[in-house]
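Letters are used for the chains, namely A, B, C, D, E and F, taken in the order the chains are written, and counting of residues starts over at 1 for each.
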Amino acid sequence: MIYVTRRASFSASHRLFNPSWSDAKNQEVFGKCNNPRGHGHNYDVEVTVAGDPPAATGMVIDLKKLADIIETEVIERVDHKHLNDDVDFMRGLIPTAEHIAMQFWKILQPKISEGKLVSIKLYESANNFVEYRGE
Amino acid sequence: MIYVTRRASFSASHRLFNPSWSDAKNQEVFGKCNNPRGHGHNYDVEVTVAGDPPAATGMVIDLKKLADIIETEVIERVDHKHLNDDVDFMRGLIPTAEHIAMQFWKILQPKISEGKLVSIKLYESANNFVEYRGE
Amino acid sequence: MIYVTRRASFSASHRLFNPSWSDAKNQEVFGKCNNPRGHGHNYDVEVTVAGDPPAATGMVIDLKKLADIIETEVIERVDHKHLNDDVDFMRGLIPTAEHIAMQFWKILQPKISEGKLVSIKLYESANNFVEYRGE
Amino acid sequence: MIYVTRRASFSASHRLFNPSWSDAKNQEVFGKCNNPRGHGHNYDVEVTVAGDPPAATGMVIDLKKLADIIETEVIERVDHKHLNDDVDFMRGLIPTAEHIAMQFWKILQPKISEGKLVSIKLYESANNFVEYRGE
Amino acid sequence: MIYVTRRASFSASHRLFNPSWSDAKNQEVFGKCNNPRGHGHNYDVEVTVAGDPPAATGMVIDLKKLADIIETEVIERVDHKHLNDDVDFMRGLIPTAEHIAMQFWKILQPKISEGKLVSIKLYESANNFVEYRGE
Amino acid sequence: MIYVTRRASFSASHRLFNPSWSDAKNQEVFGKCNNPRGHGHNYDVEVTVAGDPPAATGMVIDLKKLADIIETEVIERVDHKHLNDDVDFMRGLIPTAEHIAMQFWKILQPKISEGKLVSIKLYESANNFVEYRGE
């Protein structure tokens, strides 16, 4: 078994905000991330697929295909977008790194036919990142 | 003469958009950067000050003071903000990296009393960055 | 379950030295790390907390709070310090990356009340790093 | 138990090519990686060893020794080489990152006498990397 | 005047070798870079264009256009190639970073119509890089 | 003319302290960098040499020779050392990044016989760095 990772990047804006809460509570919980007009990040995402590479190719998954799946299924839908307003699969969810990673998993898992998706790692910055392993 | 650089970071959102143009022209010129609800970046800024370090301190400028000036004068005014809507010194300017760097220069230059400001370098991402040298 | 990581940095000096050994043995085991007046590093530490993010916040742990805990409990006690001489919780321990990571775990674990501490990763340099998972 | 990692680098060229296939099939499967005269990468390898550090040294494994083993056993045999043509332990294998990582494991595992090899991570670029854990 | 930089990457192989010299002289001058079957690198290139951004766009040059020029004019001709054998504009030149940067300049300078090309920076690795400014 | 840069690294400790000042004045000027038992950094140094590469080699300077000069003349004298106490060429100087860079220049300039030394860049951390150009 080998773990193969492909990294991709996107730039997006978001606002951390729970519409069922008062402004004061939102401010208390989300602080400056609650700025009404939003703020943004350069996100990096690392998608890891595990499998046993056949000797004939030496590859768990064709990285070009994996890159294309990541690009088409997630990057194009979030890049240069506002995560609260522009992205259908984030509708009704607070767009934290945790929720983004979990939604990426839901979208990508059924698309990966060689190997098995085992991890989505999402960097909001060099100092803050999350990982979801489907557990 | 020695060139001393201090780096700082902020996260912000923006929209590239010229209000005197049609939607079609904005789209043609700014492409996906013209998304109406904006998108965002983690920006890095490098501020370079040149001077002759006195032997008694060996420092062109106290880096702690330089870091405080950068934090107070620019970072606090742009971090977790929407550059078009929330930042007074960007009002009326298209918030490209070029314009942000030039405004940072205008703000920081009069605040630096040891040494001389010689460069503002602004990274919008690892792949895109600009430098302004006051020329 | 999501794994959330916060990174922080500090600069410190240390000497690898076992006082119960002869100078020759210390030199043989620790080599140039045994220089009597010490040497130093910029350390990066990554603290990972795992949990299930409540839908109301989308956050395993408030990253601002986690950052404050890391800053107050460990960074302030080691930053710009000599790890052998200045840091109470390293007293009597050889200040290798392994021992630093294990002590950080002991200090941080009881302070983390949302989620569960699962990993302390400590980088002595880009080429040398250790991870402790409480096992 | 602590996980200790040492990173090393090498530059090499390779061609992804299965000699039992037609040119057309090689092109279809390996794309531009099948260029007959090869192409190359700066590879980074991270070798992770796990163990319980004795109090007398605070070290799972002497990192200097680990670095020497990595240098002598693998880096010198692949650095500034063509992986298909110049490297005996890659003979008959398609030189994907997966196969390189698995061969490094086979070579390094018997050489590591303090602690236990638990992971070989191989970066072909910042965007593509694999990990082998001996499973 | 603002300096705008766009970074791009490619992977290639090469051999440092002067055909008018003996094998012994090639080995003495180029060492392991003279391996007959070549070796390779992940190269990063930074292209810097200087100009005065018009207020209507705030941009010295449309970065998307600059990225396209770099991609079409240079990256596609060197990526996943052998620089000695596969690249017409390197024919007859020893493919050092110096020569690659100078050839990139010759190719890119006439293609840049907004602003003025002022620098080509080429990284062969994090530790080795060159810059050509057209001087 | 081409600018060729070689990067190297070292780990050292230091204390910012002016012995002709009172403790209070040292504390006021140097803050936590004045900790009596010192603190440390991983330093990166970039040495830039400019010249015209002869067609026969395509190289301004043999990078292997430049790397050896940097290693022998400076790195071995500062790596894993205390800059105030262990390094003869820092004697009597406050070991700021500015002073270290200037001393490296003095040492390296007469040793470089191909091309001309034009810059010493010294990184104390990713956020703090200085450059000396011999001016």
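Just so we're on the same page, a contact is a pair of C-beta atoms (placed from the backbone, for glycine too) under 8 Å apart; a residue touches a chain by one contact, two chains touch by 3 or more.
Source: prediction; values computed, not measured.
Colleague: Please give the intersection of the contact partners of subunit A with those of subunit F.
Modeller: Touching subunit A as well as subunit F, we find B, C.
Colleague: By that same contact rule, can you tell me which chains touch subunit A and subunit D alike?
Modeller: Intersection of subunit A and subunit D contact lists gives C.
Colleague: If you fit subunit B onto subunit E using only Cα atoms, how far does it have to rotate, to the nearest 5°?
Modeller: Answer in degrees: 120, to the nearest 5.
Colleague: Would you kindly tell me how far, in whole Å, the mean C-alpha position of subunit B lies from that of subunit A?
Modeller: Spacing between the chain centres: roughly 28 Å.
Colleague: List the centre-to-centre spacing of subunit B and subunit D in whole Å, with centres computed as mean CA coordinates.
Modeller: Each chain reduced to its C-alpha mean, subunit B and subunit D end up 41 Å apart.
Colleague: Of all residues in subunit F, which are in touch with two or more distinct other chains?
Modeller: Residues of subunit F touching two or more partner chains: there are none.
Colleague: Could you list each pair of chains that touch, in label order?
Modeller: According to the stated criterion, the contacting chain pairs are A-B, A-C, A-D, B-E, B-F, C-D, C-F, D-E, E-F.
Colleague: What residues of subunit F sit close enough to touch subunit C in their complex?
Modeller: 9, 11-14, 32-33, 35, 37-42, 79-82, 85-86, 125
Colleague: Across the complex, what residues on subunit E touch subunit F?
Modeller: 16, 18, 20-21, 29, 31, 93-99, 101-102, 126-133, 135
Colleague: Which residues of subunit C touch subunit A once you look at their complex with the stated criterion?
Modeller: The touching residues are 1-8, 53, 55-60, 62-64.
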